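Please find the structures below.
What follows is a pair of complexes built around chain A, which joins chain B in one and chain C in the other.
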Partner chain A sequence: MYDIGTVYEPKTVEEAVRMRCEHPQAVIIAGGSDVLIKIREGKLAGADLISIFGLDELRGVHMEEDGTLVIGSLTSFAHITADPLIREHIGVLGEAVDMVGGPQIRAIGTIGGNTCNGVTSADSASTLFAWDAIIELTGPEGIRRMPIRDFYLSAGKVDLREGELQTSIRIPRKAWEGYKGFYIKYGMRRAMEIATTGCSVNVKLSEDKKTLEDLRIAFGVAGPVPRRAESTENTFRGQALTASLPGEIGKAVLADVQPRDSWRASKDLRLHLCSTMAERAFREAVSRSGGEL
Partner chain B sequence: MVVGKSIIRPDSLDKAAGRTKYTDDLCDRNALVAKICHSTVTHALVKSIDTSEAEKIPGVVKILTCFDAPERTFPTAGHPWSTEPEHQDISDRHVLEKHVRYYGDDVAAVIAETEVAAVQAVRALKVEYEELPFVLDPQEAMKEGAPLLHEEFPGNVLKHTEIHKGNVEEAIKEPGLICVDGWYETPTVQHCHIENATCFAWEEGGRVHVTSSTQIPHITRRCIAQALGVPWGQVRLVKPYIGGGFGNKQDALYEPLCAWLTTQVGGRLVRLECQREETFANCRVRHAIRYHITSWLRPDGTLVARKADCWSNQGAYASHGHSICAKGMGSIPQLYPCENIDVRGWTVFTNIQVGGAMRGYGMPQAVFAMESHTEDIVQRLGLDPLAYRRAHLMQKGYFDPFSKNELYADSFNQTLDVGSEYIDFERKYKEYQHQTGDIRRGVGVAVLWYNTAVWPISLETSACRMVMNQDGSIQLQVGETEIGQGADTAFAQMAAETLGIPFEMVHVVSCQDTDVTPYGTGAYASRQTYAAGMAIRGCAEEFKRHILEVAYRYTRMQPYLMDIQDAKIIRTTDGRVLMGLGELATTVLYDLDHNEHLTMEKSTQIKTNAYSFGCCFAEVEVDIPMCQVKVLDIINVHDAGRIVNPALARAQVQGGMSMGIGYALAEKMLYDPKTGRLLNGNLLDYKLSTFMDHPNLEVRFVENSEPTSAYGTKALGEPPVVPVAPAIRNAILNATGVACHEIPMRPHLLYQEFTRKGLI
Partner chain C sequence: MSQYKLVTCRINGKERSAMVDVRASLADMLRNEYSLTSVKKGCEVGECGACAVIIDGECYNSCIYLAIWADGKEIETVEGLVGPDGELSDLQQAFVEETAIQCGFCTPGFLMEAECFLRRGEIYTDEELRKLLSGHLCRCTGYDNILRAVKKTMLQRNQ
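== the complex of A and B ==
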């Protein structure tokens, strides 16, 4: 039995925005896999809820004319993994969200919820960082769009303003075309797990597969919010593919990450893993792109 | 023959279809809900509890605090009662505690009309504490000046025992001995049964009735009566189907509190269901036991002398106490016999939650230490791990004067043969030494030692009742409980075989009700088929004799000329069918001259015990940079005597192996050193292994029928978990050269070990 106040159920995005303005204290609930747990724990006991679960307009994946991939915020992990557009263009996102929890969680959990939660361990978040994803928010003043790295403000806090609702996640053509990626979730078991740390790498190789035209390296649980390894990316962008490159990248990312000590894992272990994961994920991403190291 | 067949368990379809009724399914929906207020400090005296805000919450019926609770104490351990006071379990619990001894101790309870109201009221209670210093480690707790948990136990030592043989100090003077010394650390872990601890209670007819998910109905009834201070017959306990226990429910958990609560609200029905977090933080755990073993050997591996010390972390209250530590200690002089040996053990109170029974009862800890130490010896002396074990393990014919146990068969060699052949140990062990590279493989072996039942440490008894229906089928009742392991199916197979009726004609009364079920102590040790088997066979043979005497009236044949086969009365001299068993049961029940209801009840005391041995072989792949271990293949081989139901036995072994894999690699309850609070008391942060973490779990049996057992059986419930962790530990050693002295071998530990060894 859950200690819930009033539940509001909008039928449209417009109505949801209005309800958000009318009931600023109310918490948005989508799949419920985070909110219900917080209610049960007592952190949100007695909370009023705005259930957007019925907003089917926010479900599904499509491609706009300019090649932008648009993922409705209510799309479940299971649907993302199975979606043909995702599989064709940004398969690694489908693979990453297929590592969330277990089958039941993946059937109810939504990508919008996963990102609005603001946690650094979210499997979708680091991968979306590596895809230069754009977050779309709909509010009383209309639509706002921003890069995902600006959306994350601090641990557990995202730039979701009063009256606003996350409505989609967008990946422009230039962000996905020609890129292949690989995600490593590091957990203490192989299912039903939250990432101890995670690393998502996308690479774009030259036509002859000899040069690294671009790379994007993103980490979860290597800081209070997901982050990109910017200095490493800048250092290695444009370099020729060599056998020593993965190891060098692995070492370089240590300057880009700031994991902390906790009882879940020590800072030293996390640093070591960040380095190892970056090396391995890079190696796999290159291999998927047809490159040889 | 019914015994020995993989008969499908009769309860399986109902369970798969969701029809089976467990404790919560049976509770009336109008029951009042009880919720416990757990302390938010680790060691303290409760100064006051302000209930005023909580009482205002609509739906709250009654709030009871530690200041309302009776001063009377009670024991909780699932042991048979002893009429000798010095052998009785320590009685140190109150239904609610004024002296908080661990983080989460029970200081108050709220009874409300709904769960939400009860939870809100618990949150609204204001508890004032006078905090005391606390201690989490047993060796720290024994030091002078350490915080004292129980005044009656100076130095926090619940009990200290020693085993001595020969003269270690003299023996080690022999020149040329090699000394191998090691510390072996095991973690506090939790059972993680699917069904949380749950019960409900009400008063009716001036008695307290409790329905509970327990392994030990008759014992729990006694503990409740002791807690309430009433004659034992004033309490009735009903045990329906339960969703696993693994020893956690071999303890009175919250039944005494729930029973007391109903008496405080006029006997109204009160339900007390643990949440998963409470099952983690407030029920029982496996004791973390630290072993220090020193061995003195000749270069050929001959064991000249050995010392073993161990410290068992009991936590806040006595529960099963020293018996768990003592069971492990008892194996040490026997597993690798030695002429000169000193074993010393201390069970020590600390401010963590209470250690109780858990599958293996002290043996996973002892065998992790012993089999890791054995591997350390093998490494140090440059010997072959398999050959060393074969030469130095307890041999066929070994006799223990205390338990009167005898190793009747060559169990160790036979099981080692099967396991080593399956995993191709000899070849791989050599091939995997001296590998290089990031990914390395290894194989490891460990054996296990186990005692089937509890005699002569305590009473060993079982009682059985058989009631015949008009169709010749029977109801079978024993006090030994079905807790998911398939005991009922095995019992029915045994009864069918001895009585001479088909399996389908034995209806096991699965539910134990202390008002009607014959006395039995429940599901613990690995005694079900051994102890209940003796009661079942004794009862069935006497019942059969009696039935044949009754058959004489209608067949005119002497009883000794008849037998029951396939539910028919047979004349043994020529095999002629004289009458059907159903025909006999109906005729005698409705006989106007000689009516009789065919029943039999028999109580059996058991004064034997049995060794149950086996081994585990594991093959692992170690990803050194990722500090991860993957179990590629694993096999358990058991000599558990005759196997009653191979399919169920295999499933039981696989369950134990799964528990062993978690013990080896992942599971550990973490306590905050600053606050004493359990940090990972939920199924997300406590890394119980999943299907994805397991390879195929291979199971083989070597069936040497146990001569002392009614059906040739001996322990199989607990033993499977015992050898797994050291086998995996030894496989990691073979792969990497790193000898871990602690479990679980999580990435956290492997990172430190690999760094120290220069592998990363």
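== the complex of A and C ==
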């Protein structure tokens, strides 16, 4: 038995928004693999819950006419990994969420929950940063959309306002078309582990595969929230592919990250990881794009 | 103030209904309402896998699944694996033959996980099997015998 107050079970998104306004103290529970643990630990003991688990309209992946990929916020990690649209267009997201926890966690954990709890280590978050994902929120005043980097305010805090819930994650065509990516998670073990640091890289090569038209490098646990290596991206965008490029990128990202010491790993280890993972993930992303270094 | 909800679901092929406390986990409901004690409570925070059950064809940890979410779902536990006269399933028999059991506490979770993915009818490599089984902790066997039992059943079923 959990120490829960009242459970509200909306049947529609509209009703969920209304319940959020009526019960601002209540916590949203999606798959529960974070919220129920916090209740068990005592951090959320006695909380009232708004269970959106039954809102099947928020499950699944589809593509809009303009090529925007839309991932319902309640889509589980397992379903994202198995989804044909994800596999075809943004396969690295399916690979990244396939590293979350273990199989049963991936069956219940949702991508909306993973981003709304605001933690920097979320395996989906760094990859969504690398895809320039747009977060869609539905609230009493209607729909609000924002780039994922604006959604993360500070450690554990996202821009989810009173009455709102996250309803989808959107990846516009211009963000995915022509890009290939690679995600590396570093942890002490391969299952049931939180990333010590994670790195997700996307690249877009020119048609002749000789030039780096664009690159996006994103990190988890290299700062209080997931982040992009912007100065590195600006420096190397447009450069010719050369054998020394991955190493140079690996060095450059050190100026873009601010990891800290924690009980999980030291700052120095994380700096080393950021550099090495950016280099390796870039190498793999180029190779997946058909480029040679 | 207690809050209850009528939860109707199919459990091991039978339609069942009960008024359930909204604070209950599915593991609580299966054990307390239906005496399905194969569902073990190990960690109760979704880490050990001892409480795993199949819900609508996917394997979940029932300790971090609210009982009220089970309404309208099809649930399977180890009690549903055995034959009409209590005969062990091929998978359970393989666990016996390969000594994949010692204390037995993790066994129901491993059985339901393996049953769930073996039904897909695919042949997995050892590495893939290890990943598929990675959400379960076992303090006794060192996992090798469990892997062997699952692999044996997979090969038998796909002959």
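The working rule: the second predicted complex is superposed on the first by the 293 of 293 C-alpha atoms of A that agree within 3 Å, B and C clash if a C-alpha of one lies under 4 Å from a C-alpha of the other, contacts with A are read in each partner's own complex, and residues count from 1 in each chain.
Just so it is clear, a contact is a pair of C-beta atoms (placed from the backbone, for glycine too) under 8 Å apart; a residue touches a chain by one contact, two chains touch by 3 or more.
It should be emphasised that the depicted structure is a prediction, and the values quoted were computed from it without experimental measurement.
**Student:** Which partner does A:Ala255 reach: the first (chain B), the second (chain C), both, or neither?
**Tutor:** Once the two structures are laid over each other on A, A:Ala255 reaches no partner at all.
**Student:** According to the stated criteria, A:Ala155 is in contact with first (chain B), second (chain C), both, or neither; which is it?
**Tutor:** Neither chain B nor chain C is touched by A:Ala155.
**Student:** Once the structures are superposed on A, label A:Arg190 by its partner contacts, choosing first (chain B), second (chain C), both or neither.
**Tutor:** Both partners.
**Student:** Does the superposition put A:Trp263 against chain B (first), chain C (second), both, or neither?
**Tutor:** It touches chain B, and chain C stays clear.
**Student:** In the superposed arrangement, does A:Leu293 touch chain B (first), chain C (second), both or neither?
**Tutor:** neither
**Student:** Would you sort A:Cys21 into first (chain B), second (chain C), both or neither based on which partner it touches?
**Tutor:** Neither chain B nor chain C is touched by A:Cys21.
**Student:** Per the contact definition in the header, classify A:Met1: touching chain B only (first), chain C only (second), both, or neither.
**Tutor:** both
**Student:** Tell me which partner A:His272 touches in the superposition: chain B (first), chain C (second), both or neither.
**Tutor:** A:His272 sits against chain B, while chain C stays out of touch.
**Student:** Using the superposition on chain A described above, determine whether A:Leu36 touches chain B (first), chain C (second), both, or neither.
**Tutor:** A:Leu36 sits against chain C, while chain B stays out of touch.
**Student:** Going by the contact definition given at the top, which residues of chain A touch chain B in one complex and chain C in the other?
**Tutor:** 1-3, 190-192
**Student:** Going by the contact rule set out above, which residues of chain C touch chain A in the complex?
**Tutor:** 3, 21-25, 28, 44-47, 49, 52, 58-61, 64-66, 68-69, 113, 131-132, 134-136
**Student:** If we count contacts the way the header does, which residues on chain B are in touch with chain A in the complex?
**Tutor:** 114-116, 119-120, 123, 625-627, 666, 670, 672, 679-680, 683-685, 687-693, 746-748, 751, 760
**Student:** Flag every residue of chain A that touches chain C in the complex, lowest number first.
**Tutor:** Touch residues, chain A against chain C: 1-4, 6-7, 9, 29, 32-33, 36-37, 40-41, 51, 53-54, 78, 101-105, 107-108, 190-192.
**Student:** Once bound in the complex, which stretches of chain A touch chain B?
**Tutor:** By the definition above, chain A touches chain B via 1-3, 42, 45-46, 186, 188-194, 196, 263-266, 268-269, 272-273, 276.
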